[in-house]
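Below is one structure, written out as structure tokens; the observations come after it.
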Amino acid sequence: MSDEKYFQNITTRERAIFEGAITMGALFHQFVGTPVSMGSAPSLEKAMEQSLTLQPCISSVKVRIDRETLENAENEYDYLSLTGDMLDVRVSSQYQEVKVVVRMHYIEELQYPLMYVEEVD
Amino acid sequence: MSDEKYFQNITTRERAIFEGAITMGALFHQFVGTPVSMGSAPSLEKAMEQSLTLQPCISSVKVRIDRETLENAENEYDYLSLTGDMLDVRVSSQYQEVKVVVRMHYIEELQYPLMYVEEVD
Amino acid sequence: MSDEKYFQNITTRERAIFEGAITMGALFHQFVGTPVSMGSAPSLEKAMEQSLTLQPCISSVKVRIDRETLENAENEYDYLSLTGDMLDVRVSSQYQEVKVVVRMHYIEELQYPLMYVEEVD
Amino acid sequence: MSDEKYFQNITTRERAIFEGAITMGALFHQFVGTPVSMGSAPSLEKAMEQSLTLQPCISSVKVRIDRETLENAENEYDYLSLTGDMLDVRVSSQYQEVKVVVRMHYIEELQYPLMYVEEVD
């Protein structure tokens, strides 16, 4: 059984963009709020990468949690709640011959972690 | 300040698809797991709709949580944890003159709540 | 069918505290990350209250999202991603004759949204 | 700076139960909905354990995602969205000399993943 019939109305390129975008939105809203520290950041990055790579048409996910923010955490408990501003993520999707990289990172001038299409081949 | 410069490499139509897809992925992963019952479903649907409509290029979000599933909940506590299978969602995005509807609902033959582009104008 | 046999080893008061604490942890981690604005805050507060009130032994939940923070949002898109620092929450639990209020709000000197037992009767 | 003054009204034992319960509620609602497969389950378990162990008074967290459920996943995409029914979790909290284990696992007769206090020393 295949899902192809649901995607007849968009191009190959649009499909690759569509799937990359879904996965970026999913990653942000699944993991924001997770407790994180210098010590736990590597295992959280790995879980985010491996779990989101399972989604349709995703070939790889690279997540970087900002270590400087974690080092500067000065509350009583030495950990933070993960926010979008701390994330730099690249989601690579592929549909047929088209490869797309969707990127998210904090952009100073927008004061916002922007999601955009960084590459389309 | 504008984010336009980050979207020079994709078409107007691709931008509308991109933003609709992000919002659908976000909606699923933000709200799955929320306790829900027949009584609370309307307020949850409304919050999902209003919060996700805030995202860039989103003109409307319509959420329907399946009442039949809620009625059949037979555990000790009369509520369920929201799953993707219980959701029927339409996210309408618009960028310039292009309007897109991204849909998610459970598809029997795929045994999966599929996200796809239902309309592109 | 009842869950009583699983709670033989704790007191009535401990049970009321236990259930209030679970619900507070649940609320934080379910909803942090949700897009929110001045306009959408009321529907989000209501959904948080109604959905978490469904949990075992919970008699009421009161949620207040800080409007000052929302008014000061100055990014391109006029909304924020909900954080724990913006929340003031009271979860009221009751088990038999014991009533408990679990509170969470941001505490300046701890630089942290602390969860604690505000009242036990 | 210390948070001790906020906990004057509860016993040492109640504090240990309180913190364990918060963390169990947090774990469930943070991670339910995450895509998971046989291959990704180990990294997800590890991230859940390391991130929740950061919370106040938590000495260890053990998470087991049910492999039988994952093996039986028969949809088009070979992964599932994590649900509470697939989880068996032990959160160990300690406050001063009191140790508590909060457990969550699916209980057939309740048709529900119950959270309860498994041990108090």
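Structural remarks
Note that the chains take the letters A, B, C and D in the order they are written out, and that residue 1 is the start of every chain.
What we mean here is this: contacts are C-beta pairs under 8 Å (C-beta built on N, C-alpha and C of every residue); 3 or more make two chains touch, one makes a residue touch a chain.
Bear in mind the structure is a predicted one, so any value in this text is a computation, not a measurement.
Of the two chain pairs examined here, A-C and A-D, it is A-D that is joined by more C-beta pairs in contact. Residue numbering at the chain A/chain B interface overlaps substantially, since over half of the positions present are found in both copies. Distance between chain A and chain B, defined via averaged C-alpha coordinates, is recorded as 18 Å. If you average the Cα atoms of chain A and of chain C, the two centres end up 28 Å apart.
In whole angstrom, the spacing between the mean C-alpha positions of chain A and chain D is 25. Of all residues in chain A, those that touch two or more other chains are 1, 3, 26, 28-30, 33-34, 76-77, 110.
If you draw each protein chain as a dot and join the dots that touch, every dot ends up joined to every other dot.
Residue ranges on chain D touching chain A, taken from their complex, read 1-3, 26, 30-31, 33-37, 39-40, 43-44, 46-48, 50-56, 76-79.
Within the complex formed with chain C, the chain A residues making contact are 28-29, 32-34, 74-77, 81, 83-84, 110-112.
Interface residues of chain D facing chain C in the complex, by the touch rule stated above, are 1, 3, 6-7, 9-10, 13-14, 17-19, 21-30, 107, 109-110, 114-117, 119-120.
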